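One chain, chain A, appears in both complexes that follow, with chain B as partner in the first and chain C in the second.
Up next, the complex of A and B:
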């Protein structure tokens, strides 16, 4: 039983290898990502047509609708990320390797975050055109709020996607479990994005961003700890 | 006396209110090969999953390499591999990519070619969801071999393979035996698998019904089936 041995795959390298694996699996299933993008873009189109041609109304609701579209698409993205793990028993196979559940969680959450940010990168410029919006705040701040908001969705979403992955009614169960938990980060994201789009005369952006950071720290810590229990269930 | 690779005492596992396995006592030394036989639902797969650390016992104790799976699963998993009913593969990835993922995680060189050659597969770039069941089975074997386990847990090695594949599995198990790998095989092909093992254990309704040298296993299995029918 001899074979080619190398020295990789240990310590922090494991996390990187798992992220690489998740991105590779995501890339090979990119048809699903295209489908998700189409779904999210369609949502934005429907919202913009429903509001009508009134520029002020479109402007006022832009950030809320962008986040609703992202939230909906993220639920599907998260569910799919674990469907590929359950199909063929790949997740069980991973659990049999010397890989900690904590590394599995953070790798999957990071990969999901990257994929969601790619989706947001497609969605938001299109939303800006549809809703006739040009951000008044710095683009970097907008990118920061986007990353913090997506992180707030992804951490509990990854945990619950794992929990519901082997359940037949996952597509129903996941939003039911996830949405109550992500209300605070989504609200904070909507408010912070609106302040960056419309201007922030009262200087409230820092408070909303702080709230987002607090929820992200809480969710990313707690979900990482709980993930092992979820996999054992 | 050397430490057994597998030690089980009064081992049992319950799913809900039903006992899937109970009263298993076993010591397996390094290099020994054990055949698990029994009808569907007899408890073979449950026993393999308990030994693999994927399941925790509901009663009794189990030690693998002298380690407690509840506390030291990570160390145990470095030294064992399981071939199960599910192939443990990413359906959207190619065979070579599937092996690369595992190789990188267990710290092996990530060239899948030698492992694919060993199981008689080409490094095809198409996703494994388009592969035949037999080819997937061979790829699962490559995944197991790549881990270079000291303890190999093999559930139905002949399943989904053609007659040539059966002979190939025989050769592979002999190769593992000569390398000193401890092997537990669960199989319905008792005549075939018993020739490759030293000991056998018959499970029925989750309970051990017979154990002994593997050369007596075919007769014990025939007697059991006659009594049961």
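Up next, the complex of A and C:
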């Protein structure tokens, strides 16, 4: 790290090094990522079985199923991201670094976002095949909504994963705390994705994307500010 | 203690007067008939729940700012009271929805966001039960309260953002003149009742934390049993 001892790390360089560290940890544990992808795809199959062979219903609600599967898998991904730090005693080591907690939060959240996007990159094409969906909107807009939606999950998820990392019942507590909080971004992501898939004759996409951006800005700034207090505790 | 008791007595007087007028003297609604009388219970419950969560958010900032145990006790008291009033709000809404909308529950934005808000704060109570160390528990629940408070304006503005079955903003200004007095009085009574409960619960939480911190260490483990049989 480039910052002076006891001071703050130097902005983007430190942040990128921390993101690289988290991505390397993710790469070394890639079997977990494969397991999470398998879990998310299995969830999509479970939705198909639960609703029966009604292809029209599956097609109509494809974006909702995809986002619910992604939300469920993201909880496991986020919980694991801090579990490794706590189990290996690496969290104490990180706290000794001359890096601000804000940089630690954004690095961890960015790494989680990238890993979740990889997961989404596996899940969504498979979902499109399973539910017979071909997007009518521009692919870049779909990628943008995907990134905004995942960012809405990851910011509060990273904060709560750190908050519950040392709690014995983390696997229960994390979704209980996180799911109510991410209802607005998930709702906006589902609606925006559905509009990009089925068409947007009423021009509603901008409003849902605006809601997503608003929640992303709110969560990324608020959680970044509060992260230091979580680490201190 | 005396002030809390006085507040409680005032709350009971206001509630009796407000609901007495609401049930027997206020006019029925032109469209909803007698079912409108739940207004005097439902709207005050909503205001009290939101106020309790607002107090919890202020207490959470106090915890992070000063770290004083008193703020943490206030946070616990106000979150619990807020969750209770939020639960009452949902039950009352369901009772009203059955004769009005012919269903116990509908996926209306106001209903859904209120249920989500209650679950968010219920999660904070769960968090408090699962973290043993008082200092960590205070910080963790303060952080979770501040983040969960984001949902409160979403609930409040949900009727404006998403047009749906639920009525718009309800207050004494939006109802018929004959309904204003009972609504104001029952609102005052319910808020005072909420304040009384928050104060009582805060005192209990503060006492519990004091005992937790003053509790002597666990007694040392007893020595292993000497099972050797004397000759």
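What we mean here is this: the second predicted complex is superposed on the first by the 222 of 233 C-alpha atoms of A that agree within 3 Å, B and C clash if a C-alpha of one lies under 4 Å from a C-alpha of the other, contacts with A are read in each partner's own complex, and residues count from 1 in each chain.
Rule of thumb we're sticking to: a residue touches a chain if its C-beta (ideal position, glycine included) is under 8 Å from a C-beta of that chain, and two chains touch if they have at least 3 such contacts.
Worth saying up front: this structure is predicted, and the values here are computed from it rather than measured.
Participant: Taking the superposition as given, does A:122 touch the first partner, chain B, the second, chain C, both, or neither?
Facilitator: neither
Participant: So, does A:159 touch the first partner chain B, the second partner chain C, both, or neither?
Facilitator: Touch status of A:159: second partner only.
Participant: Output check: A:45 vs chain B and chain C. Expected answer is one of first, second, both, neither. What do you get?
Facilitator: It touches nothing on chain B or chain C.
Participant: So, A:64: does it touch chain B (first), chain C (second), both, or neither?
Facilitator: neither
Participant: Answer with first, second, both or neither: which of chain B and chain C does A:87 touch in the superposed model?
Facilitator: It touches chain B, and chain C stays clear.
Participant: Please determine whether it is chain B or chain C that touches the greater number of chain A residues.
Facilitator: Ranking chain B and chain C by residues of chain A touched puts B first.
Participant: Touching A:76 in the superposition: chain B (first), chain C (second), both, neither?
Facilitator: neither
Participant: Once chain A of both complexes is superposed, is A:222 in touch with chain B (first), chain C (second), both, or neither?
Facilitator: So A:222 only meets chain C here.
Participant: Report, in rising order, the residues of chain A that make contact with chain B in one complex and with chain C in the other.
Facilitator: Comparing the two interfaces on chain A, one with chain B and one with chain C, the shared residues are 232.
Participant: Considering the complex alone, what residue numbers of chain C touch chain A?
Facilitator: Contacts found on chain C: 64, 112-113, 116-117, 119-120, 122-124, 126-127, 130-131, 135-136, 139-140, 142-144, 146-148, 150-151, 154.
Participant: Looking at the complex, which residues from chain A come into contact with chain B?
Facilitator: Against chain B, chain A makes touches at 1-10, 14, 17-18, 20-21, 24-25, 28-29, 84, 87-90, 92-100, 232.
Participant: Enumerate the contact residues on chain A facing chain C in the complex.
Facilitator: 156, 159-160, 163-164, 166-169, 173, 176-177, 179-181, 183-184, 218-219, 222-223, 226, 229-230, 232-233
Participant: State the interface residues of chain B toward chain A in the complex, per the touch definition above.
Facilitator: Result: residues 52-54, 56, 74-75, 77-78, 80-82, 84, 86-93, 97, 101-111, 114-115, 127-128, 143, 145-149, 175-176, 179-181 of chain B touch chain A.
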